[in-house]
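In the two complexes that follow, chain A is the common piece, with chain B as its partner first and chain C second.
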Partner chain A sequence: MAEKISIDAEGLHYTPLNQQIRAAVAAGAKEIVLDNVNGQRFIGNGLRGKDVRITINGVPGGDLGMFMSGPTCIVHANAEHAPGNTMDAGTIYIHGNAGDAVAHSMRGGEVYVKGNIGYRGGIHMKEYQDKKPVLVVGGRTRAFLGEYMAGGLLIVLGRGYTCPVDERGIGTGIHGGEIFIRGEVPEKHLGIGATKKPFTEKERELIRPYIKKYCIEFGIDDPSLFEDEYVRIGPASARPFAGKYTWE
Partner chain B sequence: MLSHYTYFADISCLESLKWGKAPFTICGSMCGIISVIDRSGEPMNGSAIKNALSLMNERGNGEGAGYAVYGAYPDYADYYALHLFYDNLVEPKAIVEQELEKWGTIEVSEMIPTSEQPRLRREHIPWRYFYKPYPKSMGTAATEEDILIHIMNKINTEIPGALLFSTGKNIGIFKASGWPEDVAEFYRIQDYEGYQWLAHNRYPTNTSGWWGGAHPFNLLDWTVVHNGEITSYGTNRRYLESFGYKCTMYTDTEVVAYLTDLLARRHALPLELALKALAPPFWDEIDNMPENERQLNTTIRMAYGSALMNGPFAIVVANSEGIAGITDRIKLRPLVAAEAGERLYISSEEAAIRVMEQDLEHIWMPRAGEPVIGRVR
Partner chain C sequence: MPIGSTPPKYRVRIDNDRCMLCEQCIENCPYGTFRKEGNKILVNSRACTGCHRCIAMCPRDAIDLEEKPVDYRSHPIWTREAREAIYNQARTGKIILAGMGNILEVPPIFDRLLLDACQVTNPSIDPLREPMELRTYIGKKPSKVEVATKPNGDIELLTHLAPNLKCETPIMIGHMSYGAISLNAQLSLARGAAAQGTFMGTGEGGLHKHLYPYQDHMIVQVASGRFGVDIDYLERGAAIEIKIGQGAKPGIGGHLPGEKVDESVSGTRMIPVSSDAISPAPHHDIYSIEDLAQLVRGLKEATEWKKPVFVKIAAVHNVAAIASGIARSSADAVVIDGFRGGTGAAPRVFRDHVGIPIEAAVAAVDEKLRHHGVRNEVSVIASGGIRDSADVTKTIALGADAVYIGTAALISLGCRVCGSCYRGLCPWGIATQRPDLVARLDPDIMWENVSNLINGWTLEIAELMGAAGINSIESLRGNRDRLRAYMLDENLMEVLDVKTVGAGA
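Our next item is the complex of A and B:
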């Protein structure tokens, strides 16, 4: 099979679509272009293959790249709910906005959204040893960002916004990982268990490569993304609800 | 006056008992919603919305789908369009028509055209009447709406084998147990035209679906489609009962319809404020508002605290003047809106809207609890 193949997804249900994608990867395809995608859920679910690139022309349905381990998905449209759900490795680039619960329970890999995302971005992201998921959002997010976050990095570039997360419940129940927000973060928006921490050169270096990848993919040239101060938010304790359900 | 709301609610309770259904049905975690209004009043046929709803088949389970179309019957726009399910055309039909003729005149009586679908089991016979109540037939104080609600009560509680589920003027509700495309083909939904459509694909989670439990739900001019669960059902029900409604239909969607009726029609609140009462801002947010806004929101929450709907939901409500979509205030269900010229779309998924319209000028996800309203100009 050719290294590059195109699949016309017009009117195709996600099951045969995913079967075609898997067959292509199994046959050695490295570059897969999906045309006329509209609403198909679960694209690339559980797919393995480190050097596979899937270009998605159209709006993918929910749970894009769920459990995916290795491939890169590039979406030339908005995405619906939970792209990167429990993703294990690989990259998702969304050249648009995305819905609620982006990077839901993500355990590895990277998700980049050019524009804005909805509610509960990065909910329950987690990390383990060398697995450290990253979510980068170019614009603003809605409420409950990083809710119950257990690991990983969540970076909000806030392009075009002075207060890119002007909503309640940032990091509610966070007990691992860190959130970086470029812009103002009113104290009242911090959720239970979340606290602001100093943003030092060490953190700036930590997030730099991901900002760079964002800029390269989306063709953005903005030095202030690297130079500006970020508000760093992390867990106030490793067990924010220790006393909630049990008493000693 | 014995409120007609009591009648209506009673219908529903007995309705579910009469039809042998378990008493609580919820449209649960999924369900798909799509609705569209053409603000210039330009009619659209049903073929596009059928395809849009079918795109979200993953949100349903084939146990309920339905369509509401405003502007369906321009030739009979002054008549109430009554849609019924009959179990047979002998006994219940004769009794229903006797009741209708007691209070008004039947202009047209006809079977709703249907075409058999291999995957759809015909459980009932859909029938429609174009009907005009006699003015003053129920006393000088009773309105046409009172008469209609009395009839609805009578049919749905006392006439076995008949269910009246669509009572608006120039409005048609078409629903059944089945997948969206099958229900649409069954009713030949593409043959209908209207300036406003609501469609719903159901995934009942607590009990099995049935034809009467499919959305949309209609009460005279109001129609509701709903995705989610109203967990404040008990509080809302007790509140509604204090206004004479008796919420014994045991479906949570019922309270949405009644609350909208109470606030928007009986209390004449502007739709924006009525919806704000259902999904108000949090107190801490209100505390931080500018003084005028703070007072308004405080007043609404104080006056309508028991109308607040908790739990995850996305709903679209409509009357003949327009459509409005809103989610619960912590956004536990999806809602996307988009505009293209005169048309406003509200849906569970962007992809569904794109089935109906490729060139969208503006597409956005409304904030939690913030209504999106489209009105006929």
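Our next item is the complex of A and C:
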């Protein structure tokens, strides 16, 4: 099979669509272009293949790249609910906005959203050894960002907003990983267990490569993304619930 | 203000005439109850948890154990437990956590249900002579099948059948995670389950590689923390279970404290060493029944529709309607965990007061699914306080396909139900990660205990069925005519759809 193949997703249910994608990967395809995608859920779900690139033309449905382990998905539109859900490895680029629970429980890999995301972004992301998930959001997010976060990096560039997360529950129950927000973060929006920490050159270097990848993929030339101050939010304690309990 | 100490829970005594100073008790007690001074074993009774390890290991039966040697002035309302909970909270101001299952002193409904047997007019069946069909298929069944006849006269099945688990007995082992219990305990359970042709759950702790040889007999769990979940894990399991709730603590999440997350537990759960493993109360990608259907289908899609997907919920007031929603979500089985379900740790107030008994929940779910015409679409697995083969048989007669056992399986490994699981020092090597304690449980020996237990219960179920003139588990399922209620009230009998003792056919 050719290294590059196109699949017309017009009117196709998600199961046969995923079957065609799996068959293409099994046959050695490295570049897979899906045309006329219109709401099919679970694209790339559980798919393996480190050097596989899937270009999605159209709006994919929920759970894009769920449990995915390796491939890169590029969406030339908005994405629905929970892209990168429980993802293991790989990259998702969304040239638009995305819905709620983006990168939910993501264990590894990277998700880049050009624009805004909905509620519960990066909720319960976690890391283990060399697996450190990263979520980069170009615009703003809704409430409950990074709740129960147990690891990884969550970066909100806040392009076009002075207060890109202007809602409550940022990092409630966070016990690992860090959140970086470019712009104002009112103290009252921080959830229980989350606290602001100093943003130093070390952190700037830590997030730089991901901002760079964002800029390259979405064709953005804005030095202020690298130079501006970010609000760094991390866990106040690794044991946010430890003080609640006593034993019988 | 200091209240002073509460009375000791246990008093341990050594009979010095019998004691031969072998020090087995000192060696076996990780709580430090015993010490040797001169040529006498001395005892600190306050350290005792009532786990019986010393008694089991004493070669001379020289140890006496008395529970509640000094009790409070008796009072029917202000029980010892009520008073001590108040002292505890007056001291700490916190939520009380407790181990094992519900301790409310209300009679199990099981004990008020009686089974039937044949006499004269319909002959009973001898399982020794006649085949008894206990094999249970867990998963979706088609409401009808289409067949075609081939030119050579063979029949060809045209209907696509959903994958099912083939259980040789309706008894499975429920989900107890690595971390909550030891790897040796999991290995014993897995090998025992595999030997009996049945299945066990991994719990939300991932699948340790030492369990891979038994993976075809393991149900992998996806809970709200998603610990240990990747595509490899999902593909290894014989089935996948989404855990929404647990009978011991409906409606809340779980926290494995960081001190239990050692190197090995960390690798299996895929979280850093010493990190708290926090499972949120809800799945944050499931806020509705439609979202649940999306996760069910997401798991099926990831595993190419080769694995049955179960959904486990706690038995709560509206369990029947919830189960009906699950049945229509593409799930293959709904697991109902009753309010007597066990746990390593749960808030006491939840363990004892939230949820409903499994007997009523199963009957209500079965009735609702039949009413909606979807009972055949899913299997129903019941769990939560199932103690013996009679409970299994009654649960199936009330409408379940199969049961999960948890505490009973641990008891087969030596667990004495001392309820101190949360201490992490289980002297039986079950609820601990301390290497010397874990080593006490040899899976190469103890798997046989698990296998024997399931075998014994299965033989008893066959006998009970034979006595009732039933030769197939399918004819027992939901067969309430084989049950009679003894001293149950009319409303409950209506929910259970069971007649009173003395009522004829």
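Some points to look at:
Convention: the second predicted complex is superposed on the first by the 244 of 248 C-alpha atoms of A that agree within 3 Å, B and C clash if a C-alpha of one lies under 4 Å from a C-alpha of the other, contacts with A are read in each partner's own complex, and residues count from 1 in each chain.
Following the convention adopted for this analysis, a residue touches a chain if its C-beta (ideal position, glycine included) is under 8 Å from a C-beta of that chain, and two chains touch if they have at least 3 such contacts.
It should be emphasised that the depicted structure is a prediction, and the values quoted were computed from it without experimental measurement.
By the touch criterion defined above, A:Arg41 lies against chain B and chain C together after alignment on the C-alpha atoms of chain A.
By the touch criterion stated above, A:Asn78 is placed in contact with chain B alone, chain C being left untouched. Comparing chain B with chain C, more residues of chain A are touched by C. Contact with chain C, but none with chain B, is seen for A:Thr15 once the two complexes are overlaid on the shared chain.
Once the two complexes are laid over each other on the shared chain, residue contacts for A:Gly139 go to neither chain B nor chain C. By the touch criterion defined above, A:Gly115 reaches neither chain B nor chain C. Once both structures are placed on chain A, chain A residues 41, 62, 81, 120 are touched by chain B and, in the other complex, by chain C.
Touching chain A in their complex are the following residues of chain C: 85, 88-89, 91-92, 94-99, 224-226, 229-232, 234-235, 255, 257-258, 266, 270-272, 274-276, 278, 280, 284-285, 294, 297-298, 301-305, 347-348, 419, 422.
Considering their complex, residues 14-15, 18-19, 22, 41-42, 45-46, 48, 62-63, 66-69, 81-82, 85-86, 88, 101, 104-105, 107, 120, 123-124, 126-128, 131, 147-148, 150-151, 173, 175-176, 238-248 of chain A touch chain C.
By the touch criterion stated above, chain B contacts chain A in their complex at residues 55-56, 58, 282, 284-285, 288, 330-331, 334, 336, 349-352, 354-355, 363, 365, 367-368.
Looking at the complex, you find that chain A touches chain B at residues 38-39, 41, 58-59, 61-62, 78, 80-81, 97, 99-100, 118-120, 142-144, 168, 188.
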